[in-house]
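In the two complexes that follow, chain A is the common piece, with chain B as its partner first and chain C second.
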Partner chain A sequence: MAKFLRHVQYELFLLPILIVYSLFTIYPLIRSFVLSLTNFNGYSLDYDFVGFRNYIQLFSDDAIVSGISFTLLFALGTTFLITVLAIPLALLLDRPFLTKNLHRAIFFFPSIPSGLLLAFIWGFILSPVQSGVLNSILHDTLHIGPFPWLSDPVLAKLSTILVATWAATGWHAILYLAFLQSIPKDYYEAASIDGANRWQITRHITLPLLAPAMTVSVMLLLTGGLKVFEVPFALTNGGPGFETHSITQVIVLRGITETQFGFASAMSVVFFLIVMTIAVIQVTVMQKREERIQ
Partner chain B sequence: MKKSSVWLLALMMAFVVVLSACSSNESADKGSGDANTAGQEKKNVKLSILAWNNETEMKPVLDGFTAKYPHITFDFQFAPPVKDYIAKLQTMLLTDTATDIFIIAAENRNEVIDGGHALDLTDYPFMEVMLDSNKPMLSKDGRTYAFTNNGWVGGWFYNKKLFEEAGIEEMPETWDEFVAICLQLKEAGITPLYDNMQDLTQIHSALYGNMTLSQDPEFDNKIFAGEKTFAEGWTDVFELWKKDMIDTKILTPDMIGLTGDQIESEFTLGNVAMFFGGPWSIAKLTETPDLDFGMIPVPGPNPGENYYVGAPGVGFAVNSKSSHQEEALLFLEYLSTQEGLDLFYEGTGLIMTAKDYEAKVHPSMQQAYQEGLMEGRIYLPMVTWPRHQEALRNQFVISTQDMAVGKITPEEAAAAIDKKFNEMENK
Partner chain C sequence: MTDSQRRLSILDLVMLPVGMIMFAPFYLIIINTFKTEREAISSPLSLPKEWNFDTYIHIFEQTSIVRSFGNSLILTVCSVLLMVLIGAMAAYPIVFNPNKLNRLLMFYLLAGFMIPFQTTLIPLFQLMTSLQLVNKLYGLILLYLGGAVFVFFLILGYMRTIPKELSEAAIIDGCSIGGIFWRIILPLLKPITVTSAIFQTMWIWNDFLAPLLFLSSRSNSTLVLEIYKAKGEFTVNWPMFMTMTVLTLIPIFIFFILMQKQIVKGIVGGAVKG
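Showing the complex of A and B:
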């Protein structure tokens, strides 16, 4: 009985967060699902139950098909690029040199302002006209361009991915750096005594021990990438056509702009399931990899 | 607690009590003063407003109203047009937190009126001031739900110096002449015009007015009655635009990435000869030193049947659930008075279109004002379309951009709009 009471005592401490979580996460999710079965237009609370009609119509929508393809490309592209850049950057920032703190701050800085603000600034840099910052530099130095950075279907996708990569690489490098600094120095000393060179140390000690950091970083990048909204919205407004529409932008478009709230809710529910499935698979696979490595 | 601290605390509390007593007396005096001047007791009211004119623009008229009715003050809220404003108002309406006064635009009028959120203003005396041609955009079934005292008309601002450099002496009267001067500018190494194709383009709207509406003014109504299709009214417009603007590279796909501000800046810097604008651009253009500019309409292929792009201004509506309806109606009434109209113009610089009010228009816009706005030869699809304005507008933007990058043909673009329309009708 005493043991039970002690447990109840601990559970009570979790109650406030459980209430907050239920109110702001669980309830909206349930409410979204209920609305996805209706023709709610977002203005009038007088709506009809339409069953699974919204779910059936979902994949015949051009915007959604395009949104899914761009979102997956964005999520995978940014995850790959940021991971490939952030690990070497973290290794570099881990080295002892005079201005290391300044360099860490410089690389971390782009992750502080909101994505929307950064994208607006990059909009000026990538402006497609001759007087755009990048085009003007390319023209003056290499006599090439101007390039339609934000209006050509391929370049617009590339620009969006690169801007997002630029903004987040520093943050993820600092994440890796934190894990790097938790690796016991004994391993490095032992490896040095055994005559291992720098590459061997990195290959056989540092990278394997960074596996937990990679699990966290990749999960954050993948889920964040799948939920992306601000960068493409501010940079290209989703254009040209539907080329850089993300799934979240399509949900906002169908729900708020076109007052198809029920339909947009159905998209949100399916999107939630997709993100959850991908995140669970990714974490499971990478945790198994961690166990194998360690 | 130390003895000295206790004394200090007691002293501070006494000070606070004295101060609050003074403050209560002061406000009580002020309230009674107002009541005495009005001859009857008037309760202080804070009227909330949500607008897409910012606070600087609205300040003169709000100050003027407060000076006349000192018992009414404002809680002013702003959201930029169009999407942000609509989203904010929608959230407020759904959660019963909407302001006492809000604006209705072409893009959300149906939803606001159908949802019963706006008070029926039809029979209030101040509505007499509103132009009859301004009423349909803010009405449903003959009842009007918002008050507007302004309208807008737009056209192509052109840089006179660049036109001279290209040797252009005559202003274009027809579409072919318009295309010819664009090509002449291009040959002279001058970018003829910028259009970012981020909205339902002004060229398309003006051409539709000239080519379709001038033949059948009821064409839009027929589309929505199921008697005609968008393809029947718009395919020729798209084909002409594609042939004369895209294929000639007067408009290029890279313009899609431009923002409105960038276009305006490029014009003021003399990097482009023309851009589409309206009364909202005048302030920036007149502030630019040595910029000599004028405005021309978008002429169509049929001479003498030109349409301007324009619409009534957005209207102020009273929240049907507001507990301050009387005061909100007072504000709308004030907007209709000579003083209110003057102050609204002073802040916003918009073209006032109230009855018996002499509007002040920048000289460059005089022709557009007279031939377009005052004669009712203005067209903006979202105003005429009775339903699904935003969904259709979005589809137009997507189709235009897809045509510009060569992804689809004009026929496919028009068909995509019909498809969207049918999808919305059956939702």
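Showing the complex of A and C:
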């Protein structure tokens, strides 16, 4: 009896998290699956099960098709650019120089404020009019422009990806830096005794040992990129047209603004499957790569 | 070579311009807050001809920035404290009273780690409406508490490093199950609770989507939401909007300066162990 009471006392500690988590995460997740098979519009309670009709309809919705393609482009583009920039940046910030700490802080800081704020700041710089900051710099120095940074389909996509890259590169460089500093110094000493030069050491010791960091960083970038909302929303408001709509923005638009709950839920389920599939494939592939390299 | 180099090296000369370009957006908005509207539009790049603080005074007098700062503070502090607390509580029975049921519950909680918030958005919106939690700060706090699974995940690994003998000895001395948690375990968790609190603070302070959907009235606005609304109102008045942005950045900057080492430690700990 006393043992049973002790078990109960322990279990009570789990109660609060089980309640909030079940109510605000698991229940809505299951309900998303159920709603996605209905034509519920948020008001009338006599909605019907429509099977997979919502899922089929997804592919004839312009906002959703461009939402999915832009989100994939954004996730892949930012992942690629940030990885390519963060690794050399981490290597540089690992070297001793006078303003090292200042530069670590400068590169790291943009990952601290809200994405919404950063995107608004860039909205001022990229303003497409002649007097926009970037356009006036380009006009004064190179006598070119003005460029429609945020209103041309291609430039708007590019601007969004570059702003996100600016904001997150420092954070990921710090992640790589952490792994760099955990590499035992003996490896470097052994290599330099064997007559390896700096490039050879980087190529054959440092970069392979960064493979686990890359798995983590790329996973965070891909899943974060797929879930993006603030940056395109604040920078271009998803425009021009639906060119820079993110999947999340489409869910909010179709679901909450237009109360097509069933349809938006189908979108959410597809989104869930995309995130899961990409994350699982990426981690599996990159862990295999880690084993091969080391 | 040592870390404390006294002289500028080539690397400094290479990095300084790059760093300046990285920081330029912040520099730009700061200098423009001291200009008149016309000057900000006509010469956004140059330093102000005359430094004037009118927009700062105007913001404090005319907008509810102080109130929304308070709302953000209440929202963040309450959510983070509760989240860290219930996350740590949940890890306690899993680590110190392992059995089949707890193993199952652990997997149930860890599953939620991968669920994107956006997937649950539509039913969440319905749920919040039917529970009449929309447009209430405590409603949003409750909603954020679902995020305690992340804290739980971080604390779980850390708690496993605490020797079991500690709690066994306390039980023999007659300490209750609850007493052990509050008096022995919780204080020992300090490093990891600080790390998780910083991560959750950054998430909630900066969150936009949830306040946008669940806090409709102006009196409940958070700072980020207020910036969003200001953007619409001040479209023509850039100095006003930028002053608001700068004022919002000040607390973030102070947080960054104070917590930089801890944030870096968190990234390192989370990534290397996870």
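Operating definition for what follows: the second predicted complex is superposed on the first by the 263 of 294 C-alpha atoms of A that agree within 3 Å, B and C clash if a C-alpha of one lies under 4 Å from a C-alpha of the other, contacts with A are read in each partner's own complex, and residues count from 1 in each chain.
Everything that follows uses one rule, which is that a residue touches a chain if its C-beta (ideal position, glycine included) is under 8 Å from a C-beta of that chain, and two chains touch if they have at least 3 such contacts.
Note that this is a predicted model, so its numbers are computed, not measured.
Q: Does the chain A-based superposition show chain B and chain C clashing or fitting?
A: On the superposed model, which is not a single observed complex, chain B and chain C clash.
Q: Does the superposition put A:Pro16 against chain B (first), chain C (second), both, or neither?
A: Touch partner of A:Pro16: chain C, not chain B.
Q: Is A:Ile256 in contact with chain B, with chain C, with both, or with neither (first, second, both, neither)?
A: Once the two structures are laid over each other on A, A:Ile256 reaches both partners.
Q: For A:Leu81, using the defined touch cut-off, is the partner it touches chain B, chain C, both, or neither? Pick first, second, both or neither.
A: Neither partner.
Q: With the two structures laid over each other on chain A, which partner does A:Ser268 touch: chain B (first), chain C (second), both, or neither?
A: A:Ser268 sits against chain C, while chain B stays out of touch.
Q: Using the touch criterion from the header, give the chain among chain B and chain C with more contacted residues in chain A.
A: With both complexes superposed on chain A, more residues of chain A are touched by C.
Q: In the overlaid three-chain picture, which partner chain does A:Pro110 touch, first (chain B) or second (chain C), both, or neither?
A: It touches chain C, and chain B stays clear.
Q: Which partner does A:Ile137 reach: the first (chain B), the second (chain C), both, or neither?
A: A:Ile137: touches chain C, not chain B.
Q: Superposing the two structures on chain A, identify the stretch of chain C from 23-31, 77-85 or 131-139 that clashes with chain B.
A: 131-139
Q: If I apply the document's touch criterion, which positions on chain A are contacted by chain B in one structure and by chain C in the other?
A: Looking at chain A, the two contact sets intersect at 42, 124, 131, 256.
Q: Within the complex, which stretch of chain A touches chain C?
A: Listed in rising order, the residues are 6-7, 9-11, 13-14, 16-18, 20-21, 23-29, 31-32, 35, 42, 92, 95-100, 102-103, 105-110, 112-118, 120-122, 124-125, 131, 133, 136-137, 166, 170-171, 174-175, 178-179, 182, 213, 216-217, 223, 226-227, 229-230, 234, 247-248, 251-252, 255-256, 261, 264-265, 268-269, 271-272, 275-276, 279.
Q: Can you list the residues on chain C that touch chain A in the complex?
A: Touch residues, chain C against chain A: 1-3, 5-9, 11-12, 15-16, 19, 22-23, 25-26, 28-29, 41-42, 44-45, 86-87, 89-90, 92-94, 96-97, 99, 101-102, 105, 108-109, 112, 114-127, 142-143, 145-146, 148-149, 152, 176-178, 181, 202, 205-209, 213, 224, 227-228, 231, 238, 241-242, 245, 248-249, 252-253, 255-256, 260, 263-264, 267-268, 271-272, 274.
Q: Note which residues of chain B are touching chain A in the complex, please.
A: It is residues 83, 86-87, 90, 93-94, 111-112, 114-115, 117, 194, 198, 252-259, 262, 266, 269, 271, 388, 390-391, 394, 397-398, 401-402, 404-405, 407, 424, 427 of chain B that touch chain A.
Q: Spell out the residues on chain A that touch chain B in their complex, using ranges where they run on.
A: Contact set of chain A toward chain B: 39, 41-45, 123-124, 126-131, 146-153, 156, 236-237, 239-242, 253, 256-260, 263.
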